[in-house]
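Structures for review follow.
What follows is chain A paired twice: with chain B in the first complex and chain C in the second.
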Partner chain A sequence: MLSAILASGLAVGAVYALIGVTYNVMFSASRVMSFTAGQLGMLGGVFGALFISRLGLPGVVGFALTLAACALVGVITEIVAVRPVLGRLEQHLYVLSTLAFALMIQQFTAIEWSTEPQPFPRLFGIGSGGPFDEKFWLPLLACAAVIVGLELLYRRTLVGRAFLAIAEDNFAARALGLPERNLRIASFALAGVIGGLAGFAGGELLLANFANGGVLNFYGFVPVALGGLGNSRGAVVGGLALGVFQQAANFTVGGVFASVAVFVVFIVVLLAAPSGLFGPQQARRV
Partner chain B sequence: MMTLTRRGFALGTAGAAAAMALARPAIAQSEPIRIGWLGSLTGPLAAPGVGFDRGMKWALAEVNGAGGVKGRHVEIIVRDTQGDPTKAVNATQELISRQKVHAMWGPGNSGEALATTPIMARQKMPDLHPCVVNSLIDPEKYPNAFRLAPSNTQWDDAVRHYTLDIVRAKDVAVIGDSTGYGTSAVKDSVANFKKDGANVVYQATIDPNTSDVTPDMLRMRDSGAKALVIWSVTTGLNSRLMNARAAIKWDVPIIGHPALGTGEVGKLVDKPANWENVYMVGYRSCSYGADGKLPARSQEFVDKIKGKIELADTSLWWVLCAVDAVNVITRAVAETGSTAPEALIGAWNKLDPYPGLFGNYRFSPTQHNGYPTDEVVMSAANSQRDLVGLGCEEQTKGWGRGRAPTCLLRPC
Partner chain C sequence: MTGLRALVPFLPVAALAIALPFTGNDYWAVIGTRAAIYWVLVAGLNLVVGFGGQLAIGWVALLTVGAYTASVLVASAAWPIYMALAAAAGLGAVSGVVVGLPALRLRTFYFAMATLGFATIVTQVALAWESVTGGGIGVSGPAFPAPFDTAWGFYALCAVAAALCTWMTVNVGDSRFGRALVAIRDAEVAAEATGISKPALLVTVFLFAGATAGVAGGLFATLQSYITPDAFTFDLSVLFFIAILIGGRGSIIGPLLGTILLTVLPEFAAPLVAWSTFLYAALLGVIVLVMPGGIANLLDFRGRKPLESNRAIVPRPALLGEFLNHTTAEASIRLAGVALGFGAVRAIDGLDLVIRPGEVHGLIGPNGSGKTTTLNVISGFNRPDTGSLRLGAHPLPAGMPQTRARLGIARTFQTPRLIGEASLLENVMIGGTIEGRATFGETLVSLPRHRRDERVLRDAAMLALRTVGLESLAEARADRLQHSELRFMEIARALMLRPAFLLLDEPAAGLSPDEIRRLGELIAAIAARGTGVLLVEHHADLIFDICDHVTVLNLGRELAAGTPADIRAHQEVVSAYLGG
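So, the complex of A and B:
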């Protein structure tokens, strides 16, 4: 019983964590909370099912195409919903623009794909529904890969350091000659890849369903708030904790009360630590 | 030059007004018959709406293809309510006030109908709907509303009797989705199980978008349930419950809502075995009989629509029920020669019986629940054959103990 709760809790939590990281990657480059993060997760599942199940492409090709398609959606988000409002960040117009674009993505998917959940293909055929089924460990594997990948990108590559530079001080980075706009576009493409990976890895659990976008937007935001805005490590810890707590609440109180329990804890945590459990990234002298 | 006197102007105006008044019935009798259709066509509750929509479109093409009703063309004005009661209320008001529809079909789910039924009653709008919540039909409060499907009581009776008398499970878990329909169905079902002496060991409503219901399933198993009764139209939730049951290796029977047997559930279960030991409310008109045949009317319809209406991802009853809705409305117009609300409602109050595709409906001024109880059956959810019917062999008629003569169909 404990293993079942842990398996599903960690798996769902890993998907939430990845959506939280998606929020953060977009935020770091633009100071915009883009509410398309959950839709990118939804699209990861839908594109995966489309390429592999409907079009019959091999899993590897379907996976690569899914990530590419989600990266493209990330770039379009930057051009359509973020760039036009960057000059007026203090008016929070991005809330409207990104929410509107997210709704457009969701409705378009509902019309073109299906309003009913569609099956996501079994990728490796490992496990038979128990705690060690691939649908539980694939999101965890994806989450681990993203953490390692981001660490390597940010610490070991010039491009990664440039990302960090514009995240820390946009004006100073531009003054140093860094191509801020191109780096922002690349960040949104990277966010698209991470969001798409979340949906693809969690596809067997969440199914390919247009309605997942709203759910992921909502529950993916919680780890960002819990872990601290812009703090991806905090988002991962917050996401995993949220998933396990949610499933434990499902088991102990059940039904719709589980959602109530999750948000009671969320509000209590934010009252106690308004900047999140891990706080925002600290400013430092450079 | 002719001068216009005050008397001439007054006479001319009165004459024009009289001519317009005389012309109005003629205009009314040639204008299209407008049917409003409040369908949940997108969103997690869209499965029935999509099926109903296919039936509506088919019936519309048939009626207009045959020249309409006494030369009057039929129009269906669709509004997608997305399963949201607020949108359904707005659409209802728009269809009545701006589109001036003559009759309404829908909404397609009870949560929305709970909000729209009083509004339609105030506007005296003739309304046919397939929603099962009992309180939606009350000829005194809502003399304009008629049900073309079983009531929740009829579904609930069939499911409860099957659980207690055939499966012989006394300890039951009753769950539903967290919509207006699911919440209300769980409440009624629990009360009726308790009234019949059953032990309801677990009851809950679950968010239809919940990604993993393993914890809920574990709770039900720990509560000692010997049967799970499910009231949800959400194919995603229904299939997840079946998959979670298999994952924890718990072979408990699942009994309940007709949506447990839709083609979409078949696509979403991890393996076909997960769909075993699941029983759903079905209908005689959509089931194979002891002779292995569908009822003649249904078979004729299925032959006619072959290759034209997709049935693989829906339920035949949703399609049939919507076809009947259009036919019941147009028949009332044909009989009375009018689209006035009182004419349509009066004609429906005298339908006794109306041999529809989905059922033989009977209405009277005091009974607006039109679906006959003896046409409600229970079927194995995975026994769909040729993508149309369920069950194949009549096993039991009647339930003993003086209960409703619902019949059970054994899976093929």
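So, the complex of A and C:
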């Protein structure tokens, strides 16, 4: 049982962690927390099933198309829901604009795809349901790939450094002549790819289900909130821990207890440390 | 608006509600009942979302709590329905506070997520707790005895409940509680400076909103006649939330129309039912991006009336006597050895300062010399790292801005903090929030003490506006005024506290020379009434004209201190700062 808990827990946790990274990538470029993060994960699963199972495309093509489609959704998010509110005085408007867009994505999927969970195709056919089945290690592989990829991007490439500069100090970066708007669009596309990858890699586990959007939104946000905004290391560690905890509770005392426990921990930690355990201090107000 | 006049916009809706039974069509009875029930919940939630600006998007959880409480108590424990409804209200109120508590500390997105999480959990518990809730099979809703057991009888009951909720929220919206909520939403810093306690206010409102949601839940269960967790989808939360935003924040008639619209709309277009939540979401997007004011803004004809151009602000210092008559010699504010750093920057580096009653104390210095930070330390917005802060013999609690108003310390801000949608008069009335005596409960049902509070506050605010010379603009929306007028408005708001000390943060910035001269006269008159004034300013002329004492700061330290004449003669100050 322990191996089953660990395998499914780490797998689900890897998906949460990737959604957390999706939040962070969007946040660092725009200072906006977007409700679309979980929807991108949901779309990864739905697009994968659509392209491969329903349209019969080869796995590689379906994978590439899924990521491209999710990147496009990320860019549309930026144009429709983020850019128009960035200049507004009321800073919480983005909560509403991204909520509106996320709901539209979710409802559209429910109506045009299905309100019932649909199967996701077997990609490699490795493993037969045991702890080493592909559905358990694919999300972990994706998570590792994203962490390594982001690290290389941020440390080794000029574009990656520009991302960091924007995240660190938007005004200074613009004053230095960085194309802030293009970089923001690029990071929303990147967020789309990461979210889509999370959903695709976790597809065999979570299925292609429109309702995953809301679930991933919340459970992807928990590690981000607890680890502190913009802290991707915290998001990964927190996401994996959350997944294992949840599955352990699922197997031993039932899912409701797990949900209640996660929620209580979430609230209590945030009340004690509103910017997360490793987050920055509060900004100046007067 | 006071009393009955505030209810006038609701007359068409009331007429519609009374006319509905004459259709004789039971189908309309059900739709009308549903709209009324939704409004019972939305009316309360409106105070949280529309007035308080707290993005509670998972409020369906409280409908669920109320529905199950009422149903289970009637079905399993055989309680009388009215007692069960009361219990639903009670449990709803408690749950409202549980959901709401995170709002006291969490920022917008976090709080929105917390309410979402709560909604998910309530549904899961309803599913899993089979022995009580019947799990996925559900439980039958409570039935009302005659005369409420027919479609139209039940409609009448719900319509009366909806009318009652409308009346109560109009009372609150038009009270110091309603204005304080909006102040928390739009000008939180100013709200704290006027002594508004955000925790106490929000907890009260969450209690109320939870109670109305609980009642709505009980009625909803009766309407459904049988409830399962499926009946409480997130779509309902979306409907409640969006009805408020479509209606317009800080309005009551707007969200009422929004609720009716969203309930009735799908009935007219059956093919749209599947798409209804999608359309609500699209509508939300459009509202947020294109017309943030919502329906209420479209109905706000008064706010579009042109204002008189060419208007001058002419304060009447003679009226100050009505506010300020500090006869006895009062204590001074004393700072000793105060130091405060932001990271590596020493904003204040060991400062001693005394502000005496009846004196204007000028604080000047180059940008970044620590003037505003000093003011923030006194008014409690910044907590000093070391040093002491006293008012007379008592220490001033550091870092607690909401305590200052009760001690008679008022302030203004470098950038005026105001509620753009509210009238100038309402903005000034916020300054006197802590003077009110009526409790939230008295306000809900408009008892005499509440009405007297409002009268007193209104009169005082009008007087304050006359004192600073803005009375002709009392009914104008604050966001339509000129910058200089807002500066005087902030002084009027500060005067509402009858301050023993007044801290002014660059009040002359952006004013014309004429206005600066009148401002100077007003400040001098305020000090002459016994109020101690701390004046942070860049206009050297104003400082030297009206100050009794001047402190010059540089890099967080005192460069010079003395009378204006001393400072003018001070070699370092002249060369470093004044030029000459």
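In this text, the second predicted complex is superposed on the first by the 271 of 286 C-alpha atoms of A that agree within 3 Å, B and C clash if a C-alpha of one lies under 4 Å from a C-alpha of the other, contacts with A are read in each partner's own complex, and residues count from 1 in each chain.
Operating definition for what follows: contacts are C-beta pairs under 8 Å (C-beta built on N, C-alpha and C of every residue); 3 or more make two chains touch, one makes a residue touch a chain.
Because the structure is predicted, anything quoted here is derived from the model rather than measured.
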Superpose on chain A as described above, then tell me if chain B and chain C fit or clash.
clash
Looking at A:80 after the superposition, I want to know if it touches chain B, chain C, both of them or none. Which is it: first, second, both, neither?
second
Considering only touches as defined above, state whether A:56 meets chain B (first), chain C (second), both or neither.
neither
Partner chain(s) touched by A:247 [first = chain B, second = chain C, both, neither]:
first
Go through the superposed model and pick first if A:100 touches only chain B, second if only chain C, both, or neither.
second
Once the shared chain is lined up, is A:256 touching chain B (first), chain C (second), both, or neither of them?
both
Scan A:267 for contacts with chain B and chain C and give back first, second, both or neither.
second
First (chain B), second (chain C), both or neither: which does A:108 touch?
second
Using the superposition described at the top, list the residues of chain A that contact chain B and also contact chain C.
107, 111, 215, 254-256, 259
Report the residues of chain B in contact with chain A in the complex, numbered from low to high.
41-44, 46-47, 50, 175, 178, 204-207, 209-216, 218-219, 222, 235-236, 239, 243, 246-248, 264, 267-268, 270, 313
Contact footprint of chain B on chain A as seen in their complex:
1, 4-5, 8, 11-12, 107, 110-111, 115-119, 128-130, 133, 202, 205-207, 209, 211-212, 215, 247-248, 250-251, 254-256, 258-259
Per the touch rule above, chain C residues touching chain A in the complex are 53, 55, 57, 101-102, 105-110, 112-114, 116-118, 120-121, 124-125, 127-129, 188-189, 234, 238, 245, 274-275, 277-278, 280-282, 284-285, 288-289, 292, 342, 372, 376, 381-382, 413
Which bits of chain A are touching chain C when the two form their complex?
33, 80-81, 84-85, 90-93, 95-97, 99-101, 103-104, 107-108, 111, 214-215, 217-218, 221, 225, 254-256, 259-260, 263, 266-267, 270-271, 274, 284-286
